[in-house]
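Before I ask anything, here is the structure I am working with.
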Amino acid sequence: MSASERPERPGAGKSVTAQFPLVAPHHLVYEDLLRTAFAEDLGRAGDLTTEAVVPVDARAEGVVASRRPGVVAGVQVAARAFRFYDPEVTVTPRAADGSRVEPGTVLLEVAGPARSVLTAERTALNLLGRLSGIAALTRAVVDEVAGTGATVVCTRKTTPGLRALEKYAVRAGGGANHRFGLDDAVLVKDNHLAIAGSVAEAVRRVRDRVGHLVKVEVEVDTLEQLDELLGLPVDAVLLDNLGPELLAEAVRRVGGRLVTEASGGITPDRALAIARSGVDLLSIGWLTHSATSLDVGLDL
Amino acid sequence: MSASERPERPGAGKSVTAQFPLVAPHHLVYEDLLRTAFAEDLGRAGDLTTEAVVPVDARAEGVVASRRPGVVAGVQVAARAFRFYDPEVTVTPRAADGSRVEPGTVLLEVAGPARSVLTAERTALNLLGRLSGIAALTRAVVDEVAGTGATVVCTRKTTPGLRALEKYAVRAGGGANHRFGLDDAVLVKDNHLAIAGSVAEAVRRVRDRVGHLVKVEVEVDTLEQLDELLGLPVDAVLLDNLGPELLAEAVRRVGGRLVTEASGGITPDRALAIARSGVDLLSIGWLTHSATSLDVGLDL
Amino acid sequence: MSASERPERPGAGKSVTAQFPLVAPHHLVYEDLLRTAFAEDLGRAGDLTTEAVVPVDARAEGVVASRRPGVVAGVQVAARAFRFYDPEVTVTPRAADGSRVEPGTVLLEVAGPARSVLTAERTALNLLGRLSGIAALTRAVVDEVAGTGATVVCTRKTTPGLRALEKYAVRAGGGANHRFGLDDAVLVKDNHLAIAGSVAEAVRRVRDRVGHLVKVEVEVDTLEQLDELLGLPVDAVLLDNLGPELLAEAVRRVGGRLVTEASGGITPDRALAIARSGVDLLSIGWLTHSATSLDVGLDL
Amino acid sequence: MSASERPERPGAGKSVTAQFPLVAPHHLVYEDLLRTAFAEDLGRAGDLTTEAVVPVDARAEGVVASRRPGVVAGVQVAARAFRFYDPEVTVTPRAADGSRVEPGTVLLEVAGPARSVLTAERTALNLLGRLSGIAALTRAVVDEVAGTGATVVCTRKTTPGLRALEKYAVRAGGGANHRFGLDDAVLVKDNHLAIAGSVAEAVRRVRDRVGHLVKVEVEVDTLEQLDELLGLPVDAVLLDNLGPELLAEAVRRVGGRLVTEASGGITPDRALAIARSGVDLLSIGWLTHSATSLDVGLDL
Amino acid sequence: MSASERPERPGAGKSVTAQFPLVAPHHLVYEDLLRTAFAEDLGRAGDLTTEAVVPVDARAEGVVASRRPGVVAGVQVAARAFRFYDPEVTVTPRAADGSRVEPGTVLLEVAGPARSVLTAERTALNLLGRLSGIAALTRAVVDEVAGTGATVVCTRKTTPGLRALEKYAVRAGGGANHRFGLDDAVLVKDNHLAIAGSVAEAVRRVRDRVGHLVKVEVEVDTLEQLDELLGLPVDAVLLDNLGPELLAEAVRRVGGRLVTEASGGITPDRALAIARSGVDLLSIGWLTHSATSLDVGLDL
Amino acid sequence: MSASERPERPGAGKSVTAQFPLVAPHHLVYEDLLRTAFAEDLGRAGDLTTEAVVPVDARAEGVVASRRPGVVAGVQVAARAFRFYDPEVTVTPRAADGSRVEPGTVLLEVAGPARSVLTAERTALNLLGRLSGIAALTRAVVDEVAGTGATVVCTRKTTPGLRALEKYAVRAGGGANHRFGLDDAVLVKDNHLAIAGSVAEAVRRVRDRVGHLVKVEVEVDTLEQLDELLGLPVDAVLLDNLGPELLAEAVRRVGGRLVTEASGGITPDRALAIARSGVDLLSIGWLTHSATSLDVGLDL
């Protein structure tokens, strides 16, 4: 399976049309997070400053804008955060998730009771900034490997409580998602292999257990292990910590029979070399565990 | 792919060895259910009868036994229910999940403060009875189709709040699991096809979106739709409401390229005929939505 | 107290007028169940299929209809499930809880965003199907014993988390409810009697403890125990596992001084014989623990 | 039914033996309250003072003692509060709930990590103080009416979130409990009667609906309403805002056929006069809504 | 610092203008309390009485009025309680929190479905009554010490789960708030001092640890300890159990360098004498732990 | 107040002795986070791979080690994560929070059931990695400004749900904490000032409202605003986006009367210059919003 032959390769999200704009997860998926976030910020007494300084009937209008260049993600999430705190706040998205932004780009317009706008600001911006940071980091790698046919995917190294949103931010940046958790696909890793004793035995045990709608991926870190894997009933192979040359050889041996995924120490400066090995996917933990927030602010 | 060639066909769980006994889901998966169940039964004031009649220092020993023939599932779950209510209760499992039971078969031994044993009894038994009922129903169908190579799978028609446990009970009965929810695999159904306009367009949209560790199944209800599906990048086909002859023809056309799954009105008396069509899986909603509880009781 | 003399016997719900239609419990009673059910089905990522295939602005209209003959219960609950997921979905009930349905009977009309309708469908139907199954089973027994004056009641053998709704479904089927939990009435059972040493001692302990708004029922399984009970300050007697003849004798001895309730192995074919013994109530666990769901479907 | 004839009158709890010590509700009933209380006090950062001043390995021993005369309730609850915060704290109850205490009476001994003892102190004492205050207030009225045969009961005017514990404190003080909530008994009040149009119609509606294990009480505020009620199938009558003479006449008319309960403005100085009317119960909201906490302290 | 020189002394809230009416905490702060309170009252089955007696389409209009003289607090909270139960209920506040009320003073107007009004009544009134009781008690002390310049503050001796609302009620009564919990300020108490060995060492440890936005108060119970404290970097001193003369001397020694707060046994009849000592604050636990509810009722 | 005169300046935590090791927040503060994190990772079905491959009675021993140089934080939190999942896992901390680590430094030893160790690994490491990343970033800035006397503090730009732990990680890195939320101190910002009309009016409103244990800080962005602030009753001033020269002038004008805090665009290369202005605190959002996780791994 060469890169040019992969029109339906999963996850890249490249041909999404206007009819299918990027839509953040349904709020039921992250509602607990909003509740937690506001509880954490309001504490027992709420916003002491705002309630002391701002009259109860004051109105405010403003925009949330980017202070830096980047890629935005989480506009709908931020909008919902404002409205979760106070349904009387109206929020109008002004930028689509996944789009590039410059300093000054308006992301949302906000209007409503001044107290609510000021109190909800930080929670909404914390989410928007973090998700945008992930999207921008993803976008940078996706652009770096453009033309190689490789898809950039994230891992389970996400912030506790934010997995669904961080996975979404990766998609907003042009990447795709690996497993969402321990129960939606099988990934046999080195520690599992050591306990099972062999690749074949590990796969046999998995096949005895898991259902027909569960994909199975196995991590290998040598070509010998890869050879042992080929012919076994799995869907994908995680090639861990192999250099570009070994990866290219691995891709050749797989010959399109499995999805091939490179992982381990794929830093930005190494991404292109690794992608050129012909692997289908680059698995990169730092898309989520090491993203830095986009600087966004509210201007009344 | 004939039945005799399917040593690694997913999900049947037939060759599970002693080293891999059936283990119920980790309690963190169903702890909220126990909390809810006890809250519901204890109400605001707890067990009025037991607290009035049973001295606080009375001890009780007893066994939970089956009153009817069947298959047991949920022994560990029932044990945990007793101990969730009171860690001073000791529970010793006496039957393995998945095993057949007769009237009088002892499932667990229970000992501890008499108040705790009596108060926790109903919650523990309600779970044990329901899961065992599902296991028995599954086992009956699995036995009915034995020799055909078909795997029996359940659906999402489970009791709200009990999905993980009911899916487990199906496995205890020798069956396998279909999707656990809307997010761990794609199943394109008739309503989706109608909106997309064609099978090909629906599959194209899915491939644009979902990751490489997500399996894709499409429901078809005619051979024409099946022909349209073959050649598209999907993993499985759900053949809905086709009779045995059409199923056999469908299996022939698929020729082992996809996992084939029959669904729709598979009643016990029709299961064998459908399984003989050569399909890989029988998808049966009533394993969970229409199971009747095993009658189990506590004898002090 | 003969059957013809019992105009005010509790629970039968026979003369409910149009002014008092059957109303499901207030949503605050079962809101946690909806939250749990949707969380379970949506998982971390939501409805992959629908979000991939259905445009965000597509609308859908459809009906939820029965596929089988039966009795419906839970129409309001299903309506609320759709609207809990998305308040923009409008739902119009088309059948009253407790009414008989035939294949094709429309139960609800649903309209709104196509994504929301499709995603919420299974959760709404799982609840509707299960509650209707209980209502139908109850109705069948209620009809079987019609004319005897006996009321059919359920037990605490309900599905964890669904007690309030399942108890409601029994009422929708023409039955009445026994205790909702361990704290709203006293039921002294065989194990309690064994610990107390005698019926009289058990009742004495209960009377020492419980308040004036708590009813007290005692289970007996012999006429000797019944004789011991008569004269003690209790409200009802549970006659466990006595045959029709012994039950008739028990009813004679009680002479209307207590509510009489038969329990234990009351299968459908034995219900009428038992009801003819003159007991006030038939207590039947399988109304809830062994009901099978009504097959209901959504047609767009 | 005269006072001397009421050996089994519900609720008074006078003859509770050593074998049945007062036991607080099972912790599952109030565990959420402990979680809420500690979350509220610890906030986001925990006990700043203690963590700054007390070495992590310091131990503390001390006693919780009363500062005032009173009646104690909640010793087990306070013990559990300490241990909920830190299971390494050991707590030894030194006073039985319901017992009288003097200044200096030791209620619990506490030992363990000094940080945990100091941090958990306030939450444990707040609960203990409040419950003891209710017990003392109840005991005072119970003693006031001693010899009349009247039982003192509380109402639903409890602190939100503490109902089970406050009802327990009333029992610890020698009182009994009225309804725990809206669903464990029927109480038809003046507003209900006004809507139903008559006492008879209200009772008819109730009897159409509620099950055989639900007691029914009706509030009347005139002898005419009482006459209307007599003969209807109810269990108790709430005589609201009648003076001692009218109450005595009401008790005479009831003639032991119903439990009689006086309510409305029963202040301490009026309790004895009202009890002497011969009513079975005095219903007193201020047992819970106007109790003042017992002053308890921790001495290391 | 004399009383006349303290225009900016914190917390008294005396000059709050119309533009800054007393506003209860944002509902997110106490939403869990409403959920808990209704769950507790509705139980598993909801309001049996109202659902039996009141037609589903009946409407009700009424007023919540005070039955006694007092000070009101919690009007917005009560309004939200009604609407939390049923958003179709409309509630119009008729009295401002903090205002004095007489028997008959209307606090809120309520209109909507009769069932909802009757069912939500008790939960709304329990909150309103309790908060008003605290406000009235606070107001009485505030008035008692008027003219002395002393501010009346509450403590952490609040009802578990209600701290934010009870602190608000104190403000409504003209008082101010001490710490909301263990994490928003440091209060070094006697037990801490005993462990640290000296006031100086305790303060040193605190200063090593806490941030610049955390105030530090130290409790002393002798003038010697006070002398040791002066000169150390703290913000306030809690003068515990000193009589008026010693307090006056303490205030003199402090000389305005610290906020001075008296605590310990400040009963109503002693409050004025203590306030005249010149202390800035009177800390009074019984504002919250020993308030008695205002009698409020709903008249349809 | 010059740097050399600030022995008791709050928050720096420099002289913490062995008796006061850094202790992570009490687990009750972050227990919900662990529950959420495991629920998110386990999903409905738990760890498919481990349950298929690893025998139920297999044991594992291993170490969690750093893969990179850095500073560790969260060792106790990670230990608790393992034990939250399975109390049979034993964890021995091998590094103190706040200590520097090199590649290979062992942080914890872990032993127990192999399934539990493998399943809990990711959740434990995600927390440990993130907190360590924050500690390292903080440490780098703290070291950069060493000798200037300036304290490094974080902001409310934390990850939703992790505030308490992230604030702790800043302390582990040698920094101090600003507000934990909107309710533990007042910070009047530009938008508040705009609404109030002037610094003096804003402060007046705040003083009218907040209690004596709440510190008050005001943000100014010109020296004119600063002059307006001096003399008003506040505790600290936030000097926003002033360069080193203006900051030095501001510090001079304040003259030790207020805590001075610089904020706005304090990048690592500018931190030293800003610290040398003499400000007491540097407020740096990217300590938390832009930290990158420390790479930590589990080796069996």
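By written order: A, B, C, D, E and F. Residues from 1 in each chain.
FYI, contacts are C-beta pairs under 8 Å (C-beta built on N, C-alpha and C of every residue); 3 or more make two chains touch, one makes a residue touch a chain.
Owing to the predicted nature of the structure, the values given are computational and were not obtained by experimental measurement.
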Contacts common to subunit D and subunit E (chain labels): A, B, C, F
Graph distance between subunit B and subunit F, where chains that touch are linked: 1
Chains contacting each of subunit A and subunit B, listed by label: C, D, E, F
A-B, B-F or A-F - pair sharing over half of the D-E contact pairs: A-F
Chain located farthest away, centre of subunit E as origin (C-alpha): B
Computed distance of Cα centres, subunit C from subunit B, in Å: 24
Subunit A-subunit E separation of Cα centroids, rounded to whole Å: 46
Inter-centroid spacing, subunit E versus subunit B (mean Cα positions, whole Å): 53
Contacts with two or more other chains, residues of subunit D listed in rising order: 20, 40, 42-47, 51, 55, 119, 163-164, 177, 180-181, 183-185, 205, 208-210, 214
Chain contact graph, described as a line, ring, star, complete graph or other shape: complete
Subunit D-touching residues of subunit B, taken from the complex the two chains share: 35, 38-39, 42-47, 51-52, 55-57, 85, 119
Subunit F residues within the subunit D interface of the complex: 19-21, 23, 25-26, 28-29, 163-164, 167, 177, 180-181, 184
Contacting residues of subunit C [partner subunit F, same complex]: 40, 43-44
Residue numbers on subunit C that touch subunit B, as the complex places them: 32-34, 36-37, 40-55, 58, 60, 114, 118-119, 122-123, 126-127, 129-130, 133, 156-164, 180-189, 191-192, 194-196, 202, 205-206, 208-210, 214, 286, 289-293, 298, 300
Of all residues in subunit D, those that touch subunit C in their complex: 8-16, 20, 151, 153, 176-180, 183-185, 204-205, 207-215, 217, 233, 235-236, 259, 261, 280-281
